[in-house]
């Protein structure tokens, strides 16, 4: 799979986690691709940490508004029903439990649902931004990530080695080859991508995979 | 996407024993119709969080008088002799807070915080004797816990179908903070507009905080001008 | 002096404590009479605890707005430049130090500036409302009160016997016969009302009065 | 009643060593003209509170690069390699907070509170090892102190002469909370209107919080669209 196609594969599967009326937050990277896989009749509201609720897609060139960006700096459109709030209200929405589902990338994610995605000590430490609050407080946290890193090491591990963004916070992990659910007993393999064998998923995953009684589905 | 529903459907979310936050400061912003609905339903053992108990025989006072309220968390009952009498006779439990501290406790609950540190009342016998205090950065402070509700009952001037709310003038008061601080947030509104009709810069409470919107078909007398407050 | 005239006497003197551009809070009772003694060209902004900043006078009959009251329930007008805020912002203004001057009534006030005005144990205990925050946090707190209670006992005392609204919070005391300033050394008698003798003020006051070097002025 | 003054007059209130709160999240809401004024004045040893350090060679970054900033209190520097480099070389001290907790610390300072209790970061090594914690109502929580500034520098779309402010779209962000939290609050604005021209229900920051208003005669290039953020 090319880079583009595996990212799209992940984003398309992630889009199924959004339904009518939901309040959604997209982290940077793959999460920004998810919205385009939702049918236009599904009305949902995208939250950005800088106080926008109800972002649409990115602006077409020439239609940018200097006062309207998302939390990553991109110029965005608004959907009907949008509103603006200050930073304290925007995060009250997050910590108060009004984000129905959030999608974040990962550096490492453990079978118990621990997430590390904000710091590589000595290499990359730009600050936590809003990620810790989103990770800890979204009602449902979906991690979307390539299954392995550039050196082919598993990103889904037994224990995170990097400093955590949040502990036991991940509800679902979607990669280009598998959909997995952290549970108290371990990581449950819910779905395998079309054309991928169970054995490949096992080999490329850094923690044991539990199988549902009916066996994993396909996506 | 349509959060507009009937009064009955919305109020079916309120259960006996619930903590109910009620917007309003005097008449403006008080959800009289939702309160009348609660009264009719007879849901009891309620803990009510409200700035005051309205005036005698109005709004929340009717629920207290009907014995549906176990406890009031409030700031001032000066305009309600009936509820003061019931409090003095032990017929309703009342917990008082300084008004802005009550607002902050609710706001903290809504913002997913657990408590706040304040010096309000620190040197007064009543407050300093009944609260948890701690030393922080060289001074003794009161630790106030965050307050959350099972339900919030609000009154707004307008809503769209996503639940974005706009309040009128001094009818805002406690409504925006309570909108953030309850598991189920119900707003009665004087007008429902289509999604997209409200200016995003003028929305007072973003729709993400609101679960149910009840359109008022008419405003009862309670919403009107109180003769005794006219000069 | 009749009741009306002594209240007006106090209010008129209190009005001199307000100047251009100030943010002001009026408690119930005598404080509500102060505004009418200010010349119309002085632009100031009256704050009410229920979220109004920029209240004008009381409405004329028939012009009441059901959505616009002050913190005491009276129907009020707005001045140009008014704004509405929620209760948390309204009190952030108070506790954050943005009330330039507040006027409150008193049950008792001590020479050290302690104020008691919210509770008479066993008799009157309706709750504290916003008074404690206004008393503790206004930049300048002016107590306006009749000099003695209905039984002719001094309201200005050595030590308050009633539970305090605020400790060492009073900057100025204005009564129908005197203007006094609590200081660390004791209560300084700044002004005596026209036609009143120093001896009368001393007799009717429950704590020692200090005199300024130049002697008290007249008002 | 007129808080409108010159840039020079307003900035004369900033002194070496001050804690300066600066509004903005990226370009929107950043007071670039006030920051350029500070840079020109060379006031140094500043502690700056800002969501991020803008991008390289823009806004607050120019003050950091000029060595005028002793310490930044911020949430994320991901879009500014220059300041990250200076931080790594020890040329500027940086204190990071989770973004919403920074907003709450500022808000608490503005609301006259002294601190707040939160569980954000409680289970992460970085935060739980460096913060004061306490047990409260059965759980261990982080105690965050309130944050206040000597000066706040804001950007708003409109102001009246009393200092009532209206922000545009996502240019609101940290401006309203910072407006409450500093001894001296200075807002640069794109338009000044007469007192009475703003709808009282649409004012975002009441004038009581604002000390000085500076009218921008023109918007520099920094306020415009950033080419590299266009798709």
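Order as written gives the chain letters A, B, C and D; numbering starts at 1 within each chain.
By our rule, contacts are C-beta pairs under 8 Å (C-beta built on N, C-alpha and C of every residue); 3 or more make two chains touch, one makes a residue touch a chain.
Remember, predicted model here, so these are calculated numbers, not experimental data.
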{"item": "Third chains touching both chain D and chain C", "value": "B"}
{"item": "Contact distance in steps, from chain B to chain D", "value": "1"}
{"item": "Centroid-based (C-alpha) most distant chain relative to chain B", "value": "A"}
{"item": "Approximate Å spacing (C-alpha centroids) for the pair chain A, chain D", "value": "29"}
{"item": "Chain centre separation in whole Å, for chain C relative to chain A (CA means)", "value": "57"}
{"item": "Interchain centroid distance [CA atoms averaged], chain A/chain B, Å", "value": "36"}
{"item": "Residues of chain D touching at least two other chains", "value": "104, 107, 111-113, 118-119, 167-169, 200-201"}
{"item": "Interface hub residues of chain C, defined as touching at least two other chains", "value": "84-85, 88, 91-92, 94-95, 137"}
{"item": "For the chain A and chain D complex, residues of the former touching the latter", "value": "48-52, 58-59, 61, 64-69, 71, 73-75, 84-88, 90-92, 94-95, 119, 126-130, 132-133, 136-137, 163-167"}
{"item": "Chain D - residues contacting chain A, complex", "value": "25-28, 51-52, 74-79, 84, 94, 96-101, 103-104, 106-107, 118-121, 123-127, 157, 167-177, 204, 223-226, 229-231"}
{"item": "Of all residues in chain A, those that touch chain B in their complex", "value": "20-21, 23, 43, 45, 47, 53-54, 78, 80-85, 88-89, 91-99, 137"}
{"item": "Sites on chain D touched by chain C in the complex", "value": "1, 107, 109-113, 160-162, 164, 180-181, 194-196, 198, 200-201, 203, 206-209"}
{"item": "Chain B - residues contacting chain D, complex", "value": "104, 108, 111-119, 134, 136-137, 139, 141, 143, 145-146, 166-169, 200-202"}
